[in-house]
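A short worksheet on the structure shown next.
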Amino acid sequence: MIRLSRSLLILLSVASCASASAQKPDAIMAGRYVAPDGTIKTDTAIVLDRGKIHVTVARDVYTKTDNIVAYPNAVVCPGLIDVRSRIGAHDNLTETAHAIDPAASAIDSLDLTHRDFRAAVEAGITAVMLSPTENNLVSGVAATVKTARVSGDDPVLRGDGPLMFAVGSTVFSEDRAPTSRIGSAAMLREALDEAKAGRGHERMRLFSAGSLEGLVVCEDPMDVSAALRTLANGRPSIAIVHTSDAHDLAPELARGSRAVVVGPYAFGMSPRTLSTAGVYAAAGVPVVFAGGTPEASVGSLRTTAALAVRYGMDSAKARRAMTVLPATLAGVSERVGAIHPGLDADLVVFSDDPLRLDARVLDVYIKGVRVYHADVRADQTTGETP
Amino acid sequence: MEKGVNMRSMWPLLTGSLLCAASVFGAPPAKVALEGGRIIPVVGDDISKGTVLIEHGKITAVGKHVEVPYDAMVVDVSGKVIFPGMIDTHSARGMDIRNENLPVTPFLDVYDALDPSRLYFEDALRDGITSIHAIVANNCVIGSLSRVIHPIGLTPDEMTLQAPVALKLSVAPKRRSDRMVQMATLRETFLELADYLENLAETKYEESLEKEDKKIDVGPEEARKRGKPLIKFEDYDDAHRNLIKLTRGELGAFIYCGIAGDVGRAVKLAKDNGFFGRSTLVLGDACFKAVSEIKEAGRPVVLDPDLLYRERDPITGDIKETFIPKVFADAGVAFSLLPYPNNSLAERYLNYQAARCVRNGVDRKTALESITINPAKALGVGDRIGSIEVGKVANLVVFSGDPLDFESWVDMVYINGIRAYERKDDVRLKQLFGDEPAEVTEGEAPEDEKKKGAEADDKPADDADGKGEAPAETPSDKANETGTDG
Amino acid sequence: MNNPHNSHRLALRVAAIATLFVVAPQTSAETIVIKSAQVHTGTGAVVQDGMVVITDGSITAVGANLSVPAGATVIDVQGGSVTPGLIDANAAIEASDLMITPKRTASSVLHDVFCVKHSDKPIAGCCGSMCSRALQHVDGEDCRECGFPNTAPNLAVGVRRHGSLAEQSSEVIPHTRVIDSVNLRSPDFERLLSGGVTTVFVSADPAAVLTSQGAIVRTGGPMADRIVREADAVKAVMGSDPFLRGPRNTRPFRQYVDFHARRPTTRMGVTWVFRKALYDTQRHGQGLPVGGADTPSVPAMKTLSKMLTGEVPLRIQARMQRDILSALRLAKEFDLRFVLEEGTEAHRCTDELRAADVPVIYGPMYITPAGYRNSTELDGARLHTMRALVDAGIETALTANDLRDEDGLARQAMYALRHGVPLDAVMRSITQTPAKLLRVDDRVGTLEPGKQADVVVWSDGPFEATSKPLVVLINGRIVLDKRTG
């Protein structure tokens, strides 16, 4: 398959020589761009090679002038990644037969042609992690896919992880065992003991051995404590999905989890809740924002980030929380998530800092190919030349 | 307790025996001397090893060296504490129903609702409460006439110490109403009263002319003016009589305020209609936030029995606790405490409520005043009850120790100089301590016991009442009593 | 595509993304000296004008006429007293569990079910809320404290009284743990702490015959140190609670009868379930086949077999005389040692309890015997039960159970004093004895050198109506300080 895609790629690149340079540039001259550390750096040439980022160099070092696109004032950002999404599959991800169901895979429910993907692209989201609905203690594995397809690119970034857990009340509101929090905790402990003893489903065994990460959906702060107690098992192999105002959880989370997913945030939430992301990040917890599409609007990922910054989060960390860290969480950081040599050229050009809610998406590139281009009229205000 | 089958069947009997206390001591010794106890008169300094002399229901001497008349019955209370009878300043628990459904009922009188057989009165004695301000609860617009009663006696008349005392008003909305309607109704009532008075004056003038076979010769304005002096008090109809007394300052007003904002409305209402000088504010627990306004008003206040106010901060989620009496004590506002209307908690004891105040930083004197003399003053009977002073009604409690010590029990209660309660004869209390009385069979029952049992049987309503009381004593009681439900 | 063919790759991935955080432990090498007019050590002894010296979180000296070490922080409350941190051996702490279908919101369902349908008029407090103002909850008005009925999250933590901790899938659930439902951030803990309680045993809900294991937790201090023991004793329940409690088999939830109609419906049924579970465990242990409708699950039997060997302790909740006697009978049958919880009618069987050497965790008490607790088993309650137990020489601990208002356990002690129990016995019943019954007496429960410094400084004599905790220390750390206002 890889060979096939390579040859396709070559064919396509040959074909693209004739097409307009803007569709598939050799380099993007960025007035500003979001560096992997989350800060905004200036005047850089992002050199692309066969859909991947080849290198980033200072603008004046790159001397070639043909087939480049220049954004003198705009901000080039890695494609945003939403780790809590049900785009294209949300009707088919709820399975309630068994409370412990590691065999399910979200990828099996995926419809890559779903129209919601287009909306996501237009909002600057280039990848989403789809997970089975969290109404089981173990609901199966998540899948991470790109929101747009380009020939020669595999839109499925990963289909086998992380393993999804839930410990909140959604687990025991079905008419089946367990029916209480204590019951679900006991059941989960039992399943993990089985896995440790080498019995049960392979994925549970992999998780137990530390070879498969877990993502735990929690409701109350005490669910988080329970998750850390039951699942973390002394090594930070789980990430926690948890939106609440429990500031005092920060040290526990820093010690016991590898990331915390918060969001979506909305205007009108209590200041204490909105400041949680900042508190966690300051305590050294890698915070990842969730957009919750399509239930929430595609813009909610950036709203979440903006609100978190407004309520005290470091802005570089907030940019990372939409790009590098979600890619890390989903286990796809070797392919996407940053403007870094060797990664796919999945880029979004914003008219301004993506943390500013008035910043618009100008262009979206997937694998170096422009898949979205904003209306020309809209760009008159910034004077960009797409 | 209310679920106890044994107990329930015993209650009519026991209640009967306590009710008969009055008749048992029907001819009390005219003179009683309580000797050797520590006297806490509340007004004035404590006296150790003092004597209180009671003659014909009145306190005639208090002190360390009191000459006891040769014919006085001497009761040795050495080692114990003599305390003024405590006062429940606001209680609807002696009545069958706490509030009328109609919103404006100034023509009612609690006299008609008092039920001397309520267990509440028995408990009041046990808890050392000697005077009760019987008044309708807060679920009203204008309630009814209230009276101060003693928890002993077979009829409301026998129980009464002072009547009428006050008219109940509420500026907090009656249930299923709102504040705008509540205030509009109150204003309308007093506007209608003014209207009524004018019309009455006009009618009176017309009548006086008719008597002399004259035709009306002046305009309505003039007629009203001329008719006004002709009105006699008997001319007022029932619906307005009490309101008129209220506006003339002849009647007290107990005004319930549910929230801090109600205080200003209550003060304005009272000032506008001429009864501010005789108003007492009955405060819901959140009213402490208007403490400066309350202090400025300078009227007596009755605090909610829930002394601790908890509030959740909407932003931080933290719960903030405020001890309400401390706020008033710090502001220098004299207040009265209420017992918690749940029988199962220590807060049902007024002396425990006072102890809680001390625990939370209120000084001892203020705390003791808030359950004795302050209520008496608020009720306008400060010259008759509320302290141990010569000339006052002999309402006394003999505690086994300091009233603020929870280990102290009420050993004896004197009302009007009559010993109304004695712990060693409290059958029900003994039973709670495992002193199971021998099964009394019909044949073996002593004569008087049998008679009482029969009496109880004759009154099936009593038993039904006992059952009805069970839920009323539990949670909802509190809501009704204090009117937190408006 | 991405087949899970290569776990090595996955492992690399995890290793690449795992981040390590090192949190430096906080060490406090300070010395605290508490001076007081009365030091109650918890053993029943009182040191007049005494002093407690604390170094590095442990008590190093207790006594009169000790010298104050240089550089020590001195806590001196004039006229006050000092006791060990109080211990409640049977606390019902707010624990959340919402047993409703997700489509309905918490507030609507609970409000409908408990406040409206149960009665023609709204009964305050019947909403099942743990809010301290639950008794004032009325239809159509938001509670100013918990927001009832409009805030689901706070309500969610409030269904404890209706058996929310009950796992409904089986009657024998000793493998479940209460700790999983304990909300350590609950304001209940603050309230307990302000009442001088420093250690609690969070007890399981009595809605199953062999129900969950409780947990021992501290009420204050850093969150990470709060849990003393995650799973402690298995709780068995005699009497009517297993067939009367639990949200789903009560009237409003009867529609779930197919799944939840599993309960015994009589006292005979309750003892049968208990007996069958233990027989099955014994048979399972011998490798014999077990079966039948009420067979416990394998993890349940694992726990029960530990209980049979005495490795996991047993507590039995029984209130009425006949239930206490049933408990004694069953314990004898299986040669079990147990601690009696509640013991409402324990005064009627002091002889039997003493003969079997069964300790009692008695409470809660009210001014009237039954208080306002919603149970049919409290008719026989009397005010002298505690005194009778102490007089009979039975080891007795006192608990406030679900009462936490203002001064929960201290108030229980106050009631006990009023009802004639001597002060030294009262003091032991909320410090030394519960520590012993919880098997934490090597660390807490008394003020003795070497013990962990859980100390309460009272403004007046302990358990007096006019007294309250001014300073509370847990592990030598001041967790509550009300000395200034």
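As written, the chains take the letters A, B and C, and residue 1 is the first residue of each chain.
What we mean here is this: contacts are C-beta pairs under 8 Å (C-beta built on N, C-alpha and C of every residue); 3 or more make two chains touch, one makes a residue touch a chain.
None of these values were measured; they are calculated from a predicted model.
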Check your understanding: Can you name the chain that lies farthest from chain B, using the mean of each chain's Cα atoms as its centre?
Key -> A
Review point. By count of C-beta pairs in contact, what is the leading chain pair?
Key: A-C
Exercise for review: Starting from the mean Cα coordinates of chain A and chain C, work out the distance between those two points in Å.
Suggested key: 43
Exercise for review: Could you please state the distance in Å, as a whole number, between where the Cα atoms of chain B are centred and where those of chain C are centred?
Suggested key: 40
Review point. Distance from the CA centroid of chain A to that of chain B, rounded to the nearest Å?
Key: 68
Check your understanding: What residues of chain C sit close enough to touch chain B in their complex?
Key -> 121, 123-126, 132-133, 135-136, 138, 141, 144-147, 187, 190, 347, 366-372, 376, 378-379, 381-384, 388, 405-406, 411, 414-415, 417-420, 459-460, 464-468, 485
Study note, to complete from the structure: chain A contacts chain C in the complex at 1, 135, 154, 156-161, 169-170, 172-173, 175-186, 190, 202-203, 206, 210-213, 220-222, 225-226, 229-230, 235-237, 246, 248-249, 251-252, 254-255, 258, 284, 286, 328-329, 331, 333-334
Point to revise | chain C residues within the chain A interface of the complex | key: 1-4, 7, 10-11, 13-14, 16-21, 23, 95-102, 153, 156-157, 164-170, 173, 175-185, 212, 223-224, 230, 248, 256, 259-260, 299
Study note, to complete from the structure: Per the touch rule, the chain B residues reaching chain C in their complex are 1-6, 286, 306, 308, 310-312, 319, 342-346, 348-349, 352, 355-356, 358-361, 404-407, 409, 432-434, 471, 474-476, 478-479, 484-486
